[in-house]
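See the structures that follow.
Presented sequentially are two complexes of subunit A, the first with subunit B as partner and the second with subunit C.
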Partner chain A sequence: MTMVFGVPLQALLGQLLVGLINGSFYALLSLGLAIIFGLLRIINFAHGAQYMLGAFVAYLLLAYAGIGYWGALILAPLIVGLAGAAIERLALSRLYDLDPLYGLLFTFGLALAIEGSFRYVYGSAGQPYAVPQALTGARNLGFMVLPNYRGWVVVASLAICVATWLAIEKTKFGAYLRAATENPTLVRAFGVNVPLLLTFTYGLGAALAGLAGVMAAPIYQVSPLMGSNIIIVVFAVVVVGGMGSILGAVVTGYMLGLCEGLTKVFYPEASNIVIFVIMAIVLLIRPAGLFGRTA
Partner chain B sequence: MKLSAAMAAALLVASALPAAAQVSDNKVKIGILNDQSGVYADFGGKWSYEAAKMAVEDFGGKVLDMPIEVVTADHQNKPDIASNIARQWYDTGQVDAIMELTTSSVALAVQGLSKEKKKINLVTGAATTELTGKQCSPYGFHWAYDTNALAVGTGGALVKAGGDSWFFLTADYAFGYSLEAQTTKFLTSNGGKVVGSVRHPLSNADFSSFLLQAQSSGAKVIGLANAGLDTANAIKQASEFGIVAGGQRLAALLFTLAEVHGLGLEAAQGLSLTEGFYWDRDDASRAFGKRFFERTKRMPNMIQAGTYSGVTHYLKAIARAGTDDTEKVAEAMRAMPVDDVFAKGGIVAKNGRMIHDMYLMEVKKPEESKQPWDYFKVLATVPGDQAYIKPSESGCPLAQ
Partner chain C sequence: MTDAALAPAAGRSKGRGVALIAVGLVLLAVAPFVVYPIFVMKLLCFALFAAAFNLLLGYAGLLSFGHAAFFGGAAYFTAHAVKEWGLTPELGVLVGVAGASALGLAVGFLAIRRQGIYFAMITLALAQMFFFFCLQAKFTHGEDGIQGVPRGHLFGVIDLNQPLAMYGFVAVVFLAGMVAIHRITESPFGMILKSIRENERRATSLGISVGSYKLAAFVMSAALAGLAGATKALVFQFATLTDVGWQMSGEVILMTLLGGIGTMIGPVVGAAIVTALENYLATSDFPPTIVIGVAFMLCVLAFRRGVVGELLATRWGKRLAGRGED
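Showing the complex of A and B:
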């Protein structure tokens, strides 16, 4: 058997693939976070809660309305996105003129309140959510058994990341969005409804978190704590990628997923800190992040 | 000299009390202190508080003609917060006994404080054998289970059933190490061997990497030396990777009915675990389960049923001693056998350990489950004297 640094090649490939799967979630979550920060300058601490909400909406749709995974994949992000839009309209929009710290504190408080309420109602052991029928089972890749559902997560999240990036960087609508954040007054002078654009952007970011939540539901327990467990890692991803850089967030998400996967092979005890070590090093060498522009 | 001092003290105490009632502050107050919002909120949580209230109601709401009150608080799994609450309860809250105490670090801290304050504490939620070992207390009791009983049940009995090679997924902190070490001890003494282990960080969401390592090790049993959400996620993902379907067996070293409920039978089927109670064990437990369900919409696990038993035993001891004086109640608690819905012929040993039978369970397949909460098959009963460390060998000075 081929060995790499004392680890069988097969095991290494398996772990790399697992890292890629985790990277998909990091990428999907940091994408929404990067969009919100890049366009609104809001550090959205409620992102983890919105991810958790996505999973819970999927669970509730199944339990109370009989709507399965595929329906939830469309409905849950829509619901979470609308809730996000309402939050932006009612609260966040009033904070734009203040220090960014206020946005951070508000979303942080919001996240605690949402998680606390869910924990109160549903407990913290979590609710089960089954893998959709069409994606059950696993295929043997030779070096590892890949559950079909995980394969789907990698493909779907890659497609969503690319589509979102294209929509923002290459379409006219995306150009409006970017322009509205650079110079809202000027864009408004052209007759564009800027507040509506910002509401839409926050809703979109929240919807992406909700979508990640639905995709995570069959893998992890649908638990009120699932968001707070992942949000810190995702923030690290965004910081490493460069705050607000959409491409940076996606690439870094996958990259750090792979690094984490490798750490789990060579020194599992460090697997939950390796991302933060990388973050510290990147901040020392390139404070604006790998893909960030220095202001 | 000593005797006369004790008598003088007793006289002093007695003169401070109203002559008729031998109960301090004219009421008996029990505090249920546990995790109600964190990872163990379903393990014991507010459901344990319900169980305690149920025990008080079943007892008639009064003991020695004095009302019984139950209070509760969330210790957030932090020993410092727990100690603060316990101190307030004892000093100004007129609390006579603190019970439940999920999380070992919290239980040890509160037991230390209770010993210092000369108050009763009764642990149902925490696992460490230290509570009845070196850190035992004359007023401290450990009721539902401990790490030794779990290791004997799951480790010992599974090896006898053919699961003789193990791979551990161990949570990277003291509790995980001690579960792994104790289970390994019973494994090897029964002829089993450990082929590998991996330590994962606490609150780890993704176990696929560790499960792949366990899968490729070829071990017959994958032992999960972790707790709460970590165990649940590991089991769920093991089912995704086809580990049980591939012929390996999963053994959760600390997992109860509440967590199986959270996970669902689809993912949890075939899992082995050890508990000190199952609601579908006999007529009495079924009747108790039904009444508990009517209040809470869930069936009790060993923590909740154990809390019911502990509260009941404490109240019986007060009735027997004719006072709520800590020394006398503790003495009465040790003198009486525990025969209730939770334990049959349970013995309260000198080190505070309540010795009772444990059950090795296997989680049913979805098609075997006939009704809601019908989750377990009892694979083996582990007699109390095998499940628990002999009091004389526990390291507790009181039992020497």
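Showing the complex of A and C:
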């Protein structure tokens, strides 16, 4: 068997794949966080809860409406996004004139309430969600065996990240969004409905989290706690990458996922904290973050 | 208005302040005979914790989302020192406070490199890192926590297993902590913190070394949070992961927000409300997380000044304070 630094190649590649999968979710979630922060100047603490909500909607659609994975992949983000837009309209829109910390606190409370409710109804244990028929099985890549579903998650999340980036950089809507980020008052003077844009943006961010949740459902179990475990790591990812650039958030997500995977091979005890350690080191060397602009 | 015209008003408000403190002391002395003493001690620990947190948020304007690390960390250090090393309670508490201060120095040093919302996220992430450390380290006993911590004899003389002696000890620690916080906020140091909160750039331009003041405030706040956590470990005779988790960091924010950010007694009132609510909910099977989450949302939307802040904003409150509350 081939060995790399005293570790079997198979184990190394296996953990790197796990890292890449985790990294895909970090990237998707920090992408949504960065979009919301860019325009609303709010750190969406409920992002983890919305990710969990996406997974649960998929689970409930299957259990009560018989709608499978592919249907859920469209419906769940739509539902989570609409719920997000409603929250923005009813509550977040009242907080824009205040210190941005109030937005963080509000969404923190929202996350607690959502997670608490789901725990009350469904308990803390995870519910299994089957891999869709078309993506079961695995293929042999010669150097390793890749389960089809995991390959799909990596490809799909990359595609979503690239598509979102293109939508923001190349389309007219994206141009409005970027302009409103720079100077909302001026954009409003040009006749763009900025409040609607804000609502839409928050909905979009929430929908991205919901989409990540549906994709995560077959890999991790569908559990009320799945969101709070991941959101703090994603915060660290965002601190490392800086929220100045969307591309930065995505690249950092994948990179830190891979670092986590590598740590699992060489020093498993530290795999839980490696991302936080990297965050601390980045803060020491480059406080603005790898891709951040200095404030 | 001239100084002479101001003087009597200031004198009156000082008189009222003394009266309020006297009422507080009487309440503190009577409480253990009226309410279950353990509950009052728990309340005092959380009140001190919230007041320590408020020192940072209310006066320096820094929102730490990781204060549970100092509270729960000190609980672990004290529990370990008292149980494994056989130290007396007051030395055990000192070990806890020293540990929390060291932890605060490390976390603060990294966190003050960024401002505002990033500061909150960094403290949260570093506290979570400490949580995972506590989960895996040998001396914390993982999921079990440190159980059966002896209360021991204060200064080797006073037996803290006597409920009233323990209560007296907690009350003295609480009062000492509150006096320390009051002194800090009223000192020139506290004034500089407020100026940094109001306008960081101007403070910098006036030649104030903003970073070191923030760090000093952070360490003081961590030390006082540690004092609360260390005392709590002695009261309940255990230290567990609950006290270092992010939920606890959130809870102390809620206590402060609910009571009134930037006021002296706000955090105490907030801690009383939250602790009483949790005690009440513990008997039903309704999860407290939902209530806490909803309380958070309501506070942020409609009640940002908190109970004490709203009271002070009324005409009666303004007269009582004798001046515009900052």
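We take it that the second predicted complex is superposed on the first by the 289 of 295 C-alpha atoms of A that agree within 3 Å, B and C clash if a C-alpha of one lies under 4 Å from a C-alpha of the other, contacts with A are read in each partner's own complex, and residues count from 1 in each chain.
Just so it is clear, a residue touches a chain if its C-beta (ideal position, glycine included) is under 8 Å from a C-beta of that chain, and two chains touch if they have at least 3 such contacts.
This is a predicted model, so every value here is computed, not measured.
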item: First (subunit B), second (subunit C), both or neither touched by A:131; value: first
item: First, second, both or neither for A:56, with subunit B first and subunit C second; value: neither
item: Which superposed partner A:26 touches (first subunit B, second subunit C, both, neither); value: neither
item: First, second, both or neither for A:261, with subunit B first and subunit C second; value: first
item: Contacts of A:113 with subunit B and subunit C, given as first, second, both or neither; value: second
item: Touched partner set for A:11, first subunit B, second subunit C, both or neither; value: first
item: First, second, both or neither for A:105, with subunit B first and subunit C second; value: second
item: Touched partner set for A:276, first subunit B, second subunit C, both or neither; value: second
item: Intersection of subunit A interface sets (partners subunit B, subunit C); value: 116, 119-120, 269, 272
item: In the complex with subunit A, residue positions of subunit B that touch it; value: 37-43, 45, 172, 198-201, 203-206, 208-210, 212-213, 215-216, 228-229, 232-233, 236-237, 240-242, 258-259, 261-264, 266-267
item: Residues of subunit C defined as touching subunit A within the complex; value: 63, 110, 113-118, 120-122, 124-126, 128-129, 132-133, 135-136, 246-247, 250, 253, 257, 286-290, 292-297, 299-301, 304
item: Touching residues on subunit A, where the partner in the complex is subunit B; value: 10-11, 14-15, 18-19, 21-22, 116, 119-120, 123-128, 130-131, 138, 144-145, 147, 149-150, 219-221, 223, 225-226, 229-230, 261, 264-265, 268-269, 271-272
item: Touching residues (chain side subunit A, partner subunit C) in the complex; value: 43, 91, 94-95, 98, 100-102, 104-106, 108-117, 119-120, 228, 232-233, 235-236, 238-239, 269, 272-273, 276-277, 279-280, 283-284, 287, 295
